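Here come two complexes built around chain A, the first alongside chain B, the second alongside chain C.
Up next, the complex of A and B:
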């Protein structure tokens, strides 16, 4: 694996973007903006975590935004009644359950992952809209909003949460049997099956984890917004994929380091931040993101084919 | 005897033929569908209730619908289904005025009347249009800023979805008023796509960019609520105002967290559109080309007026027998 070379390239690219922004964008380097950026980047990394797991098993979870919306609206109903802990637990469990259903249908009933999670995206969004009837659930107690709003020293809580979650996921993927099977399934599911690995079970676990992570991101977001409504996370599948791809998670499965999501999140956040700081029209953000994705993947390919040629 | 039978059957045929026209006008057999933009937004939920109230008054069958995904293609698909089902009329609230034209043309071909509500369609044959004057809504918001700032200060504007006619007109109304107040400086005017999450993010960046902002004007309440949270988190004090008067915004106005909001009257819009369409189908009354819903009525709702506004609204819903759930 050429992780060092490709990882280094990604790190260098991010540093280059940061340096350029620092030099040319007014007020970019102020303390308040850097904290703001860090928080935006970590929230994006958190959103991408679920999608990345499904990409590692050569699948894709398009239902994360809808799952986040429904589970956080359900959680919000409990939280506004003062049951913060119960709400969070129920939200996470709901997300895991939705993900498990995805995994079960994909692994056991062989429904193509794209069709399954694509349909779930609509079904669950519909349920969320039916549940909220167009209103928002708002006004959370501080015992819940600290998830999104508090600070530990100068560091915003979402940053600490994202760091903890990505750290744990990294350990899970690199140090446990579950992790090794996940990469094996993504690289070649048939081979994994023939070698007697529990492929189906792993798929169900991966999608359940993806749903659970989506709920967690949803909870952090509603804590920040101090309100939950049914249109939370409409763009999350797309943003998540963008962060994952920039962060080095391969679409073909079995390849990529979950810590790369931090880099992907930073790139996405910096582009959006600079567009707003420079006062450019918002459409430039979409334009630049698309451009960056292609550039990163292109350079990645070149480095990869070179390193193969050297071997 | 044969002759009597012959006469009797002739009479029967004549009666059937004459009543034929009247039978088609039985309200119970008239079916009107209202296709909205998005039912996750309280504004459209109240529009749905307005339509329901009008349908109940006329005793007609009524189906409110909105696409799962906020895209005009999906609205066209819903229209196609309604054409297949042979509804008697479609009231359409286009997500995109240009994009909806092919849907309207398809209904035209099937001879199903279409009424255009809220967002103007740029083509196809419609029996009429009704909508709130978005320019006026924007003007009221702009005037509120001029009055509160006493003609002097800095502000930023969060616009609606780029290209949507309501977004363009609301902005037009705001800037028309603000231009006249030479002491007010618009630092930035940018879109947050009518979305709460997006507004929070854009506001975070704008707070960094401008160390001093006196006021934020938002083209809808969802954005105002998102911007408000960003401002609160940054420990800054900036007055925020929006449009639509959704319940959460009214609550925030009451608490002093938002400065004000403007009622865009979703209920009346839905009511007027279904009412005019029902009259067209049942009584053959052609609707006016352009009906301005609640024109001249909207005012800014502030902490002082919010209680009276909410009371009046609930009384209205009760009067029409709307089940608010």
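Up next, the complex of A and C:
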């Protein structure tokens, strides 16, 4: 996939934002801040990976934050007992299971995705809250916290993880049959069905993968915080959508490159980082995220309609 | 033309039977549930939900959805409280300002959605974040209290022995029902939800109409937010988060089609009663707020499945699948 006009536009916009932040925000360019920024950007890209997959099939997974919360809390209670590997596996499996349920209901029972995943957002959050009873689970062994806290050379572990996951996803989407079908389903599900592609199965797989990626992000997050609670990831669907939209994943499905999430992650991390460095309270972030979503969608629409008019 | 009784039976039978069943169940499970004071309590609780769900009904009749209403309600109540408290504004003016802000939120939703032709959950979810963020910024994440109690009359007042919120809902119901069924604009709402292309070709100004409906939904969220403020006498940005969920559930459970074009505010009132009774009953039985979310989410999914497929069809297709018969290739 070559860098199209829109891709170049995005890259230029991101560089511009970085340059502006570097120039105008004090302490932005320090090494520790940049590493912090990179870690934050990668976590955001991980959070957005699941949402992006569902967007590629012209759907949307609003339940990722809740799925991450429940599966991390379940995993956490295993991990504090010393079963780090078992906990991680159980967490990922739990996420995949939740996603699979989404996919099954959407594909087989034809429930509109926003009704299904919106309901699941509340159902699973409710289960997570009930499970933890409002307490937080903390005190993980180092065999688990390295996921979020350790470094490989100067590079934080979440960055390496995110790079690996996004790289694998990119390969999966561009080099395998599964990837081709995913894009085909997103571009036109009916056409894909009539060409004999297993649309339903692909939808279920995509949503399962989305849930699994959400729990991975949740696990990295709790490993970094060294604590898990049921409030985790309330805003993740919103942040994930923002990152994906900035990264160039189209809401209409079938279009977008998963590596674009890195750009999206950087933009959102810079926004959050500057809000912090400028001494604005964290509550400004919600506002900016919502604003950025609407803004990017608008700009995108204008560019697209221009390029269509040229053709 | 079917008789009125037959039409009522078709429109209301399912939700009403479930509602009556729940009342019997909760009455058996909790001794305090079946009492006049609790009924009045449910009505007061349901009134906020009814108002916001009426607005949501219009949007859903267009085959749209508004995920921002909970946050917009919070913003309206926070703006009102802020103006009364910090700017010493007269309560009525402050409430009007709150309503204005909510209406503008709806207008933005409508413009972004209808002009761009985007699926409405994108702009409305973005608006959710913006309205919540704006309310948090305005209140500095604190609870605003200690303003004049003038607005309380909206919630505590009585006229002819009837609670004020009940009257408010009744008036809204009559006006909106009449509007939907008997005016060209109401009919246009159904037409757009039923088949947008056909509606456009028959001369309905679809873009304008959609924008106005989303604006109206924002306005109703504002009204509900102010009633919520009148009830709790305190404003907090996150208190009303969740009403987007309850309102969509109430509309769907009541029997308005999420695919648009079928339903109405009368059905929504039944749905609201059902959700409010469910919440109240679960409370009485001692089920916590979080598990209530689970139950309402399940109710929403079930309502959709029951409405779109018919439960018997669903069971039939499951049986076929279990029996191993091939799925028909044209299922879409």
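Simple rule for what comes next: the second predicted complex is superposed on the first by the 276 of 311 C-alpha atoms of A that agree within 3 Å, B and C clash if a C-alpha of one lies under 4 Å from a C-alpha of the other, contacts with A are read in each partner's own complex, and residues count from 1 in each chain.
Here is the rule we use: a contact is a pair of C-beta atoms (placed from the backbone, for glycine too) under 8 Å apart; a residue touches a chain by one contact, two chains touch by 3 or more.
Quick caveat: nothing in here was measured; it's all calculated off a predicted structure.
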| item | value |
| --- | --- |
| Partner chain in contact with A:281 - chain B first, chain C second, else both or neither | both |
| Which superposed partner A:122 touches (first chain B, second chain C, both, neither) | both |
| First (chain B), second (chain C), both or neither touched by A:180 | neither |
| A:111 touches, of chain B and chain C: first, second, both or neither? | second |
| Touched partner set for A:229, first chain B, second chain C, both or neither | first |
| Contacts of A:32 with chain B and chain C, given as first, second, both or neither | first |
| Chain B versus chain C as contact partner of A:170, first or second or both or neither | neither |
| Shared chain A contacts, counted only where both chain B and chain C touch the same residue | 122, 125-126, 129, 281, 283 |
| Residue numbers on chain A that touch chain C, as the complex places them | 60, 62, 105, 109-112, 114-116, 118-120, 122-123, 125-127, 129-130, 190, 193, 235, 237-238, 241, 251, 281, 283-291, 293-294, 297-298, 301 |
| Complex contacts: residues of chain B adjacent to chain A | 38-45, 68-70, 162, 188, 190-191, 193, 195-197, 200-202, 204-209, 225-226, 229, 233-234, 247-248, 251, 325 |
| Chain A contact footprint on chain C (complex, rising order) | 65, 67, 108, 112, 116, 118-119, 121-123, 125-134, 136-137, 140-141, 242, 245, 248, 252, 258, 288-294, 296-298, 300-301, 304-305, 308-309, 314, 329, 332 |
| Of all residues in chain A, those that touch chain B in their complex | 26-27, 30, 32-33, 36, 40, 122, 125-126, 128-129, 132-136, 138-139, 149, 221, 224-227, 229-234, 272-273, 276-277, 279, 281-283 |
